[in-house]
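I have placed the structure first, in the form of structure tokens, so that the comments after it can refer back to it.
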Amino acid sequence: MTRKIAILGASGYTGAELARLIATHPELEVAALSGDRKAGMEMAEVFPHLGDLALPRLARIEDLDLSALDLAFCALPHATSQAVIKALPRDLKVVDLSADFRLRDPSDYETWYGKPHAAPELQKEAVYGLTEFYRAQIRTARLVAGTGCNAAAGQYALRPLLEAGVIDPDRIVIDLKAGVSGAGRALKENLLHAELSEGTHPYATGGTHRHLGEFDQEFSAIAGRPVRVQFTPHLVPMNRGILATVYVDGDPEAVHRTLSARYRDELFLRVLPFGATPSTRHVRGSNFVHIGVVGDRVPGRAIVVAALDNLAKGSSGQAIQNANLMLGLAESAGLMLAPVFP
Amino acid sequence: MTRKIAILGASGYTGAELARLIATHPELEVAALSGDRKAGMEMAEVFPHLGDLALPRLARIEDLDLSALDLAFCALPHATSQAVIKALPRDLKVVDLSADFRLRDPSDYETWYGKPHAAPELQKEAVYGLTEFYRAQIRTARLVAGTGCNAAAGQYALRPLLEAGVIDPDRIVIDLKAGVSGAGRALKENLLHAELSEGTHPYATGGTHRHLGEFDQEFSAIAGRPVRVQFTPHLVPMNRGILATVYVDGDPEAVHRTLSARYRDELFLRVLPFGATPSTRHVRGSNFVHIGVVGDRVPGRAIVVAALDNLAKGSSGQAIQNANLMLGLAESAGLMLAPVFP
Amino acid sequence: MTRKIAILGASGYTGAELARLIATHPELEVAALSGDRKAGMEMAEVFPHLGDLALPRLARIEDLDLSALDLAFCALPHATSQAVIKALPRDLKVVDLSADFRLRDPSDYETWYGKPHAAPELQKEAVYGLTEFYRAQIRTARLVAGTGCNAAAGQYALRPLLEAGVIDPDRIVIDLKAGVSGAGRALKENLLHAELSEGTHPYATGGTHRHLGEFDQEFSAIAGRPVRVQFTPHLVPMNRGILATVYVDGDPEAVHRTLSARYRDELFLRVLPFGATPSTRHVRGSNFVHIGVVGDRVPGRAIVVAALDNLAKGSSGQAIQNANLMLGLAESAGLMLAPVFP
Amino acid sequence: MTRKIAILGASGYTGAELARLIATHPELEVAALSGDRKAGMEMAEVFPHLGDLALPRLARIEDLDLSALDLAFCALPHATSQAVIKALPRDLKVVDLSADFRLRDPSDYETWYGKPHAAPELQKEAVYGLTEFYRAQIRTARLVAGTGCNAAAGQYALRPLLEAGVIDPDRIVIDLKAGVSGAGRALKENLLHAELSEGTHPYATGGTHRHLGEFDQEFSAIAGRPVRVQFTPHLVPMNRGILATVYVDGDPEAVHRTLSARYRDELFLRVLPFGATPSTRHVRGSNFVHIGVVGDRVPGRAIVVAALDNLAKGSSGQAIQNANLMLGLAESAGLMLAPVFP
């Protein structure tokens, strides 16, 4: 039986990626698309690469008939999302791809996003969408909050290690390299081809990146005491992909063993043989995560490298994986697309 | 019922693309993989992006059990292909992705490839694999010869126009821009990132590119007299994609009308509204072709622009489309993947 | 003796390229910089790559002391330029890099730019800045109009051929591939890295690109009758470079001989051996132009390929070459930088 | 007075970069070029971008007249270099760009390069070529060993901090992002455009990269006891540039103050204001190094980011800077080219 879904905020990259992935999903059908500034346009005008799919015209949210829907994906900008979701029918299942419901604590939200949350009651209700770690809650959730794409990469590398206590929580450095699509379709000078290509640079340095709020919330909960990682994201000239190089204090073999054991049965998470490292190009366009562990020459230190596609497993793929669970479908439905290389 | 197929020559880009596309094909299963120099290796070692798929180990062709197969895709280098296919069981259906069986006339083959053909009897039997124009023959063929990727792009732009007689066959210029994956995984200096990126240059200029053999054969047959197009391919710094900008003498509206009428019912071929032009990024990773027609300010001259993905619709996607027909499956089975953008 | 110059409109790419090139010019000194919206800022804030040079702070034009200057480069947007130059001291030499003074005929200007010219008397005075063809007039000019970058590439390929009458003026196709810096630093969606990289597409098709006004003006003057070329520009994913592939009716050897003879003594223009073709990467960052001629297999047809760097020889390098002539300096002063490869 | 130099091994990227930089050097002239496998060829055939320069034909080293030379740059592969330099006239000044003379201790050499050194007596004589730290010795040296490009980036970030004792030598992580030209013009599958572009991956992980030999030698000498840094290089899809992100334990303000004080009078080294970080694109093609310091949110930890161009300041620019000193020329002669952006 086909489930009807809406994509609210379909004119951004994560909205387009949802449409791309659902195109070959056996049980989901895009029944409604919203895009306020582009209301009235065909999706093919906004994203010509989607012009070969049968998709509804973009509309304003208030003009959509949401009554017949099984689930809404909300790919709206941060802050907009909370207002929109608050106004949706209470019985409509929602997967939110914005940052609005990732942090459970209202004061954490205010700290990282600079203003009070507009829907703190929903904040409480929302389940954090890192599928492999919140599977049971997601299955029964009404509202699931998609994780930050960088936050996902860092957590896949670190959660089992903190849980198992095989690394020192006070000596964690996440050096992350991100493709440009993570910054969205915004018109910013530093995202121009002429500015960005042929160069690499860090941004949001020194502990200012908002995904740190997620790391703090999750890692501290696991460790049972405050954990504050170091995190430096870099923009590299590629469109898709996140590579998180994570430096930890811990026995490399124990680190590898712990990750391998934890992810043995996870379809989308693959731990490479000890000493092998992943590349973003080998997960491009897919829902897979490749994780490598290397022992440093400095005894007692290990390097964990995690690679994923920020638009797929980092946001829209994860969102569909969660939606599958919420709708009682096979978790991997529509997500077995192989990576696109070269 | 699942059909079992082999990919002979699975260590190149077209072989890998076949594996990628078949991963979500509902009725094909990769039962055998060959790769002579890499025999014994797992596909994940040769192409790490395929490591999440269940695929057989690479073997030498002579060690494969071909008896239980429904069809073999032959993605071997030019010249190797004819020897291998000659030795295959006579009742095994074959889709060849090399250049070996594209030209029907042995002397044409010798002209363009510089030596006599080793299997002229198969050359006679082979059906030219431009699906939308050889559909009936492909359905009943034993051996189908995949077209050149550039040749496909040029023919989609021109065949209906030559058939309808709306353009002058003596004034055709095909200026083509090609991504680098079309050159394969060969170790050549000009294919290095440091050499190729951030630059554009023509190659095989002046009528020396081998795909001209296909243009000559096909266009002359349509026109009923020799047609010799001008063709200049260029290498541009992108991985996938072909953009053919075709300059013709003919009434632009008639050109647009003719192409639109001919392709109206073709699932994978889309003619854009008059005056709109396509971009390679909007077909990337997919089996779709986008075609635009523009009227030049010089009266009586039109420009046809065709965009396709050289690895998908230009070779491996086309090969699967043909295999679907040969096996009695739905022509589009496994090929409805949406383009990957950004 | 050092000559003092100003760069008006120093916050765009051509302004920055002027500053870069002048950094090693033995006789020019940047004495003033304007940038209205960025007035008050250091150049290092606007263009961090220029932070190692000693440059004046950006100011508003009206706050600059122009009295002690020898020459002003005007790198302002089209239309703004004519108003600013009109208001400059009458005895200040000016090299304008905008499109405002390229067309001599006010009605041509209105045709291509959509509104009447605001300084038609200056339009008459301005010398067209294609150095190798207007050298004598440039030497004594007060106002020189830099050419369009695409217009320069096309003219280097074609002018001597039209002058010598070795090609048919009614059968000229210019298929051009351009890097993205030619579009400037404007915030446009199609110039984003995620949109532009990994793809190729045509733009301003069918005879609508404004540089056609220059082609028409110049080629018609040479031929002594109207010449209307076909011109299709394409955007390719590279930052710098223009490759013009020009299809002509004419004897290939005569075409090569004519270009070779005409450019034999031109320092910056190099005609490659017959049959060789250029690449944009081999002129990147330099003032050199490489030109190749190929004979097509269709008798009587030739292909001329010209490569230049749009920011250097296509605008700022050309501007300095002209300024050198206007100031009585060696024409090549400051322009002998070798291309940057890889 | 012009000094005559040779470039031995001129067919690689560092050889070509030497030729490019010397093209505008006021006092150096390329009098001889060697390239064994390409002996007899014009440089324009090997590197078309250098075809506009007047350069001697490539020859075999044994066929060169070295008697009239003032200095030889040796841009040969590792291991070849030591044999060639051993055979050069004892009074010829040499700047070696290979790894052969970077390590002073023969057993260190054997450890990192896997075989005994063939010219240990020269090893002893060679001066380590990190100009700003070995200036006095370089001035009087006969043989200077150019540093590794990654080693240069890491040392600019760290040397003054170790000298001043403001960081903990046992907690240093260097996460480095490198452009592909650092790997040279070798035909390796992972350097192909189709393989490398649109992806990021680590290499030589876990303490196996040979530049660690240099870090160990230099940092241990400064600290007066063994220092073993952690070092993970990554290949990112750009041609030029190294970005070293260095994580240290130390007071961020003290770190910034120390670096600023040390480099205040260094022409080519610029420390950005506290909190600002550099980008590789802003030093591309130049001899400049940009260094930024950020304080982490974790108290007592700082991040130092250094950016340089691997072919320029990281090898050929550094080599010319050293040659200038050895020849009694101005240290910056020929090296004031501004970065090329975009």
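Which chain is which? They are A, B, C and D, in the order written, and residues in each are numbered from 1.
By our rule, contacts are C-beta pairs under 8 Å (C-beta built on N, C-alpha and C of every residue); 3 or more make two chains touch, one makes a residue touch a chain.
Predicted model only: the values in this text are computed from it and were never measured.
Engineer: Taking each chain's centre as the mean of its CA atoms, which one is farthest from the centre of subunit D?
Structural biologist: B
Engineer: If you tally contacting C-beta pairs, which pair wins, B-C or A-C?
Structural biologist: B-C
Engineer: If you average the CA atoms of subunit B and of subunit C, how far apart do the two points sit, in angstrom?
Structural biologist: Distance between chain centres, rounded to whole Å: 39 Å.
Engineer: Provide the C-alpha centroid distance between subunit A and subunit B, rounded to the nearest whole angstrom.
Structural biologist: 36
Engineer: Could you grab the centroid distance between subunit A and subunit C? Build each centroid from C-alpha atoms only and quote it in angstrom.
Structural biologist: Centres of subunit A and subunit C (C-alpha means) sit 45 Å apart.
Engineer: Can you tell me which residues of subunit D touch two or more of the remaining chains?
Structural biologist: Only 13, 181, 194-195, 197-198, 237, 239-240, 278-279, 281-282, 284, 342 qualify.
Engineer: Would you tell me which residues of subunit D are touching subunit A in their complex?
Structural biologist: Those in contact with subunit A are residues 173, 175, 177, 194-195, 197-203, 205-208, 212, 228, 230, 232, 234, 236-241, 243, 245, 247, 275, 277-282, 284, 294-298, 301, 303, 305, 307, 342.
Engineer: Report the residues of subunit C in contact with subunit A in the complex, numbered from low to high.
Structural biologist: It comes out as residues 13, 180-181, 185, 187-189, 191-198, 237, 239.
Engineer: Report the residues of subunit D in contact with subunit C in the complex, numbered from low to high.
Structural biologist: 13, 16, 19-20, 23-24, 47-53, 181, 197-198, 239-240, 270, 278-279, 281-286, 288, 290, 336-342
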